[in-house]
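Before anything else, here is the set of structures, which you'll find just below.
In the two complexes that follow, chain A is the common piece, with chain B as its partner first and chain C second.
Right, the complex of A and B next:
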């Protein structure tokens, strides 16, 4: 009896099957043409000597990769990309976690706070970059002026090779922490209140409740935030493009920026070489995502 | 004694909380307010030293200058067509695919869905170069269609709509089938109206992302009037062809539509991403 009902379930109705394929057809078509094919093409192009004019294309094997590994700007961009990710992700997630202690509650006051904190995330990185570059401008900016008032002389945040990247990191965290906070808040509100009540009966204080109940309860969301923020940090482009153009002295040039520069900005628009670096970046992202997932999931359990 | 101590600590904690959250409010709001008020400054006021926060004299000069000297109208038009077009088409295709994966039995549905999820992990940079070549070969570089088409569906949207459709009761489509409705009509007139909140959240998600995107429109457009606001502004500022005052006004113009939308549809901005994050 139960066997026949299972078989019945497994049997596909031909009419419904046909319409199901029609339902997914547009999406599958677009994903195939604009994601799957480019994904494989990218691997092929990285083995070619090819520029944007697409003449005299030749197969060069792994030469582009060999060139990339010897290119000091690739080394520099790799270091900068890591520098950015290693500091920006903890800063953004850390600020969000700290604030969540105070604002991850459901009342009017905290809701108002959260909607203010989310505001920078709604703004484009272009706009955010423009505003902060002006506020930080060493000659006209508000912040250097205020610092001068309290006796700190001429800091040129974005033009100082040692300060440019930290400044970009802080601005990025400014833009992104509200997003992380929103996700964490949703998770905190999902933790069953019975757990807190039980802990209170055992005499736990606020801090203990945060460490022993909130953190484990929201860990899946926090790890999701860490992984996704890291992936986008490794793809950093907008911030540096708007605020520093990779300068000063290439100190803020990231891998994506270098890819864009070699492929689309600087002659001879070497698409093969740009593709090779993007395959290299993809490998980095894949490995780091894999490591993070294992490490964080194990820690969570 | 102990309770007094506790009370004391609690009020200190509360004070710290208010202090901290208020500091962050100031840090978040000051740059945005500064941008807004500074876009009404005169040229000399913008570059005056020491700087003033508020304009000495309020003027629309920067906005007038922007309107006459940079193609701000066509940039806005491109942005609206690009972000709006992507939003409408993608919400449609995403919900159709999400619906099929959630409510219909068909061969290979599990495999296809996991392949779609995999595309979420492909960073844009790796497909960037071939995508450019494709759009070039299709003769769609620097056109609206070329901007919209590659974004006309998204794995995230399909995933989000699937998880939403899964939660609806089974009886709905059965009643439709008894009435002899076609599958598409069941989807269109019975199921779709039930997920308006999800559709609005997804629409806002797409609209915001595409409105703000930089690298993608930068790469696929070349003429200044086909540039989106965010790409066009970045190029103008990068090439230093635009002065401080007009930059502020143009930046304000590029932000205003989203900020207004945010004020009125706040709930939907937050809900879409919140469901996505918690579900994982």
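Right, the complex of A and C next:
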């Protein structure tokens, strides 16, 4: 009897593993088709002279990369991408951190607030972008109208070369902070309350408790948020595509937008060149993620 | 227990249904397509029994992509539906409207993978890149096969569909830029509402008079995402010569024009700052803009908004007056089989009848380019079409049929005009930079 049950167990285990593979098969398939194959393909295409018609393809080696490094619009787009990421990430994570002090209490009121903050994150960036560009439109928008009522003359947020990027940064942070806030709040609620009680006995004020207990307690979550928002900030596309189309004067054109423009918008639809720029962006993101993880995680430990 | 079983049963049924719809969506689609084709088939039979009886050939279904997302798309759909019902060749056209960006993304890949539609309608400025990549059918035999008289159409219109002497499309519509002016605003500013500016000097003078920032009213809209060949040409300048691959940007004439534009936009502020074309369209329809240069597609919107407007030719400079021409053509993607190609010919032929062209011109305000239709009494008495025909005479091709055209626009001309109109660069610097960029593009 006992022998058979052992045999059964032995038999059962590999079967269980097999079915586990079956369960990850759908995601694996999707990942392979939409991530791994395109990733590998873009590496190959970046070495080719190939346009969207896929005729007369020839191998050109690193020529596309040489072109990219000499292209002033690549430099401009790189700067814009960093400009966006360097301001958007701290703003978004900062807002979430500050608000988490107030909403990390489990009652009806804060739960309602948390849902409200989460709402923009659920909306599609395209819809949000269209709504904001209408609100901010200097001729038809509500915000410039309200500003005019209190005597501030026509600020064209998205059409002023110097204001366009900051505006996009604020809108993106507004849209994304709810997600970060949810993660951070969950982490804050997990910090043992005994620590706070002990600190209170030692006479610590709210700010001191936040700096010395909350922050260290939630650091792994915060660093996770910083890394993921940085990666998505470096891939910024929809916001600028919907609200400014990269303008005015290419001041909001990011790398992904320029890739899209070369590959799909401007004839001769140079896929080889567009892929070279995406490989360049891939390298940037890989290096930055690596550095961030090393730096932030070590600091946390 | 029972409840659980029922729930489980329902869930199982749901999943089954989901998986069927998930995997079988393409089949489902084809079957509905087939059904709709049958439906229209029976409709045709009911409405016109004689036609149904005489249709001998096998039923042919044509997939038709186009970029007519505006109100003109509804009119196009009516015409196509009508064709589906009345044609005697058993042809059904299934129309798919998408924004131009989307079409330009999907079509090349579709042609490369043999999944392209059988008929496409897009702007003639797109022809050259497709032809240079061997992605369109050569339809030079169209006139002979269908017996349509090529000489009945204005040559400057038909020639837009030719690339290197071969025909790749049949004309669908022709347009140039006009000067629209708001008669009510002219009157309010003390100008004669029936006399539009004829020269660049008058245009500048009027634009200044018509600008009133306190009312959020502007004299002349100049969007920053556009090109202004009409102004460069008017002073005798040009951008490039597509035949010889020569850069013609760096000239005294162009510098003069750009200085004039910057003075108007930056110093006199006659245009709302940093607007896009669609912003300007909206402001024109809201009566905030007195003058604007744009194509015939403004007419319907202005009529709907009840704007009291006039249409005039683009203004003249020292070298005359010109207006950039454009148009749309029906094309057949490479790889379309012979049966479908012949069916597409039949529809193109249908479009080129005076009856259809008349409907299109009258409903949309597009110029008439069929010589026999121009003799039509109704057309000759149409006020809008009359003012348009004068403005159409100065049409001039700008890089049409040139495979580098879109790159020249996006990388050279639009940034140059944007720099000038926003005052980001002086006209000299903007021109110098644009000329260098032009050299870069032409070197390819």
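Operating definition for what follows: the second predicted complex is superposed on the first by the 267 of 301 C-alpha atoms of A that agree within 3 Å, B and C clash if a C-alpha of one lies under 4 Å from a C-alpha of the other, contacts with A are read in each partner's own complex, and residues count from 1 in each chain.
In this text, contacts are C-beta pairs under 8 Å (C-beta built on N, C-alpha and C of every residue); 3 or more make two chains touch, one makes a residue touch a chain.
Note that the structure is predicted; figures quoted are calculated from it, not measured.
S.K.: Please work out whether A:268 is in contact with chain B alone, chain C alone, both, or neither, and reply first, second, both or neither.
M.R.: second
S.K.: Look at A:248 in the shared chain and tell me whether it touches chain B only, chain C only, both, or neither; answer first, second, both or neither.
M.R.: Touch partner of A:248: chain C, not chain B.
S.K.: Return first, second, both or neither, reflecting whether A:51 touches chain B, chain C, both chains, or no partner chain.
M.R.: Only chain C is touched by A:51; chain B is not.
S.K.: Would you sort A:140 into first (chain B), second (chain C), both or neither based on which partner it touches?
M.R.: A:140 sits against chain B and chain C alike.
S.K.: Report the partner of chain A that touches more of its residues: chain B or chain C.
M.R.: B
S.K.: After lining up the shared chain so the two structures overlap, which partner does A:160 touch, if you call chain B first and chain C second: first, second, both or neither?
M.R.: After superposing on A, A:160 lies in contact with chain C but is clear of chain B.
S.K.: Of the partners chain B and chain C, which touch A:69 in the superposed model: first, second, both, neither?
M.R.: neither
S.K.: Tell me which partner A:59 touches in the superposition: chain B (first), chain C (second), both or neither.
M.R.: Neither partner.
S.K.: Mind sorting out which residues of chain A both chain B and chain C touch, each in its own complex?
M.R.: 54, 139-140, 245, 264
S.K.: Please output the residues of chain A touching chain C within their complex, sorted ascending.
M.R.: 51-56, 137-140, 156, 159-161, 245, 247-250, 261, 264-269
S.K.: Over in the complex, which chain A residues touch chain B? Could you list them?
M.R.: Residue positions touching the partner: 9, 12-13, 15-17, 19-24, 26-28, 30-31, 33-39, 41-42, 45, 54, 95, 98-99, 101-103, 113-120, 122-132, 134-135, 139-142, 145, 174, 178-179, 182-183, 185-187, 190, 206, 220-221, 224-225, 231, 234-235, 237-238, 241-242, 245, 255-256, 259-260, 263-264, 271, 274-275, 278-279, 281-282, 285-286, 289.
S.K.: How about chain B: which of its residues touch chain A in the complex?
M.R.: Spelled out, the residues of chain B in touch with chain A are 13, 17, 20-21, 24-25, 27-29, 31-32, 34-35, 46-47, 49-51, 53, 93-94, 96-97, 99-101, 104-107, 109, 112, 116, 119, 121-134, 149-150, 152-153, 155, 158, 182-184, 187, 208, 211-215, 219, 229-231, 233-234, 237-238, 244, 247-248, 251, 254-255, 258-259, 262, 266, 269-270, 273-275, 277-278, 280.
S.K.: Across the complex, what residues on chain C touch chain A?
M.R.: Where chain C meets chain A, its residues are 101, 104-105, 108-109, 111-112, 126, 129-130, 133-135, 216, 224-225, 272-276, 279, 282-283, 288, 403-407, 410-411, 415, 418-419, 422, 424, 444.
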